[in-house]
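Have a look at the structure that comes next, please.
By written order: A, B and C. Residues from 1 in each chain.
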Amino acid sequence: MTGAQSPLLQVGQVTKSFGALVAVNDLTFDVGEGEVLGIMGPNGAGKSTLFNLIMGAMPLSDGAINFAGQKIDGLQANQICSMGIGRTYQIPQPFRHMTVVENVVVGLLYGQHKSAMEPAHERALEILETVRLADKAELMAGQLGLLDLKRLEMARALSTNPRLLLLDEIAGGLVESEVEELEQNIDDLKSHGQSMIIIEHVIRTLFNHSDRILVMNFGTEVAIDTPPKIAENEEVIDIYLGEELDEKKVVSTVQIPVEERDTILAVSNISAGYGEFQALFDVSLEIRKGEIVALIGINGAGKSTLTRAVTNQIPLTAGGVTWQGEDLAKYQAYDIVDLGISQCLEGRKIFNHMTVLENLEIGAYPTHAREKRFETLKWIYELFPRLEERADQLGGTLSGGEQQMLAIGRALMALPELIIFDEISLGLAPKIIDDIYEIIPIIVEHGTTVLLIEQNVHRSLGIADRAYILERGRVTLTGSAQELIENKEIQEAYFGLETA
Amino acid sequence: MSFYTVSAGALNGLMLGGLYACMALGLSMVFGVMRFVNVAHGELLVLAAFLSFVFSTAFGLHPFIVVLILIPILFVFGYVVQRVLINPLMSAGLEPSLLTAFGLSIIAQNLFVEIWGGNTKSLNNNFSEMNVTLLGIDVPMLYVISFFVGIIVTLGVHLFITRTYTGRAIRAATQDAATAMVMGINVNRIYAITAAIGAATAALGGTLIGMTFSFTPTTGFPWLLKGFVVVVLGGMGNIFGTLAGGLLLGLSEGIGAAFVGTGYRDMVGFVIFLLVLMFRPNGLFGLKGSE
Amino acid sequence: MMDKKYSPWAILILVTVVLAFVPSMGDRYLLFIAYFLVLNVAFAQSWNLVGGYTGLISLGHAAFFGIGAYAAAISIITFELPVIAGFIIGGLASTAFAFLISFPTFRFKGIYFAIGTLVLAEALRIWMINWEYIGGAQGMQFPIGIGFRLTGYFYIMLGLAVGSTALLMYILRSKLGVGLRAIRDNEDGAQNLGVDIFRTKLTALMISAFIAGLVGAVHAGRLGAIEPYSIFGAAWTIGVVNIVIIGGMGTIFGPIVGAIFVTLLTEAMADFSGIHLIIEGVILILVIRFMPYGLWGFVLKMLRRIPLFGGTRA
């Protein structure tokens, strides 16, 4: 045991870069014995990467991590586990062909205390009791549903008897009552003096359980403070809601009233998810020709799942989607772009080992777009002169803003009737977001309808005609952008807590 | 051993390296694009050699003419096998496709025996007795031809995957299959085309093997192993890496054999394989951190 | 763990007792088949431990077999050690080889293990063919009168088959077994729970190699003469992979079912040597596609549909 004044975990000037992308940038913080540190930040802020770094899954680019006074960066995950750090995964990683109790036995046999087989089995059952999984101890882990898998993640992390517990999105994807149950577990652990770091998108959970909260964006620290202070922090509110705009910056250019336009995409009562994990519940929305529709929600709300469900990348469990009156169910995912729906994916998804020009040309893969690709290319280069300058450079060498331009350009190369922009402002500086947002009206004027998926409320409402608010897989609010801007409940709905 | 022996070994080996590259290209491509470890690639080469044998004896055609018929035949064969047998297993991880290929290789070897018997065959051709003198060293004509075929095939495949839409779709699917799908690319079809191209290059590789050496129904296995050495050397899925790996293997075998004797000739490649595996697991020309 | 509705130990004892009576039936041909059956079982369990329970697909298992055979032959012929000592040295030599190849082949989660073992086994075979000290391509011959009769070898091999099956059953219930299966299901997850991946895989591979080496050594004694072409031949690897996958990889009785199936198929098709391998190959491909746990897994699944056998687990 080290002295009481020395913190349990010390993260010192830690940096991790993947090529040009800096996932974690010069991050420094401590976690004291018995402390609970919450971490929040938008998708891609580097939160899970930070856990991977602490757990030794990948080497640091710079900096040092100390645990209980000993340097742990450079050690292997199993050694770090033996020193007393346990983690859960955001997406549960059970041993599917082993029983639930065997899953927990692994950590007891190999973790910090290395029990013998018999006591390990008994102790495993006790741990399962605490996470309310004892009745399913003899089931195969592959048969569990999401809540049970999350409980199992917790049980497995506890089985190593950690001095520090890393919880990654333990409440993600669960419904209200289930979240409460896992919160109860966190409470119990906290009252026993368990040190924890919690990454969470359910912000209420985070605010209620953390002693301090670290807010991250672009891999750097935005703020680290107590929950009430964080809730008041302007910079934090900006990250989540976007900067407040005084008025709608752009008015829709097409002056036909919304009601008189044809519906091109109709989503009716769809549900979908990944295996046991249901991410969308009875969602309906419609998009009319020439509109800009915003779909707004925090990460984990189900926005990207909705895109995947609409574009046939994952199967629907209920409901249906029609495109210009035709049921999409009979098509394959790769047919969607041929039909006229093009996507600009979250995280840009540039083909890193292909040149800018090649990336753009791949965008024009559908036959009708391929024939007109030289004209389209000219137009794209007018929109983004930067792309023409960099035409022969590899996609992976571009800056974040340039990659976003390329992703938009690539989606436009398909000559879509509807373009879906998934989180195009994510991880970009405000000035660059401005530049990119200026393009959207031009695209609409060009005859393309836009579905804008955003977590940045003010940005998206500033440009959209109408919007849908998605919360935990459900549409909770919808209306014209103007109505929603005036609706002060949004902020509350968004943060899930009362802000000052 | 004289300087002449070593340099003759080196030059001969380098020329033969073109054949190595050509026969390993398909193996490298299917792994690079879809992580499919095709342990039946050797049998594909032997199949090409046998078909060449059948056509050239039946119609009295030169193997180089026959290969022109063979390329489309193997192209279709590769496409169908990939679509019917391998694609359905792609989502289940590496093992099922690998073990299915293993099964295919057992079936193929024994079918060859049933159809063509176990005797050693070779493709008769007017080049096999010819030599070319390069830098004062005698090199078999077929080695020289192999060298150029290897380079031409590599360049051809490179041009295809960089200049054509289908080729770019292959590269896109390699880098990120999910995103490629969103771009409108039918990834299953792309996988089948990749396997088809791999099989088409094997048509050339197998014919060259049949002309330069002899073959039996079980010859595929040693060629598969040489293929793995080439691919690991060059970096899996790296087209020019495969050419470089082939030439390098040929060169080191040639030099190595001059030192340790021809009985251990094949060992040279295996030792290199082991060293690369230990110290440069991404291949000598592989991209760092690509795995 | 096993279903409580049937006792694996009872099945194992029953099968053993039945086989133990084969020599007393006085049919030498039948004894021959039984000998190959138990050899296949023991060798298959060796492969099953790494391929089925650890997720390491070995395509060079012939090397472990061959090293065992040669190490035994050298000990017995050249150094004139007792036969049994030679067998054990065979097992140990194979274990040492496993230790050596683990360093290059354990990188890159699985792919390189399959390719690496395939290539290394062939490299070893070529080495053996050229190594004059151990007879080169001619191989080695045991002196007349050394070793056992067929019945003796049958009982030794039966012991290895039962012993390796029992050992696997024991391992599966031990700490090692839990670690192996965790690695097979999710390597990163296992490591985060404290499992030392390299050491655990290495332990499994060394045990597997020890069994394979013993089997090779005993078989070398039975043959009386060995040469590298067949002892290190890929046929051994092909056979063992077929047996385990057709029977059911990652199950205890799968290799036994597979060995019975393949041995009997081989006998039934003895007059059409090539055809039986073609049929085996086709069955292999069908099993991979439609029965991921092989014939035995399929049987268990069917049994569970009958209420008497109940249970939910494999």
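The criterion applied here is as follows: a contact is a pair of C-beta atoms (placed from the backbone, for glycine too) under 8 Å apart; a residue touches a chain by one contact, two chains touch by 3 or more.
What you see is a predicted model; the values in this text were computed from it and never measured.
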Chain of greatest Cα-centre distance to chain C: A
Selected interface, A-B versus A-C, where C-beta contact pairs are more numerous: A-C
Chain centre separation (chain B, chain C; CA means) in Å: 31
Between chain A and chain C, centroid-to-centroid distance (C-alpha), Å: 47
Inter-centroid spacing, chain B versus chain A (mean Cα positions, whole Å): 43
Contacting residues of chain B [partner chain A, same complex]: 162, 165, 168-169, 171-172, 175-176, 178-187
Interfacial residue positions of chain A with respect to chain C in the complex: 55, 57, 76-78, 81-82, 86-87, 89, 93-99, 102, 105-107, 109-112, 114, 117, 138-140, 143, 156, 159-160
For the chain A and chain B complex, residues of the former touching the latter: 311, 313, 332-338, 343, 345, 349, 351-354, 358, 361-363, 365-366, 370, 410, 414
Contacting residues of chain C [partner chain B, same complex]: 55, 57, 59, 103-105, 107-108, 110-112, 114-116, 118-120, 122-123, 126-127, 129-130, 234, 238, 241-242, 245, 274-275, 277-278, 280-282, 284-285, 288-289, 292
Of all residues in chain B, those that touch chain C in their complex: 35, 37, 39, 85, 88-89, 94-96, 98-100, 102-104, 106-107, 109-111, 113-114, 221-222, 224-225, 228-229, 232, 263-264, 266-267, 270-271, 273-274, 277-278, 281, 291
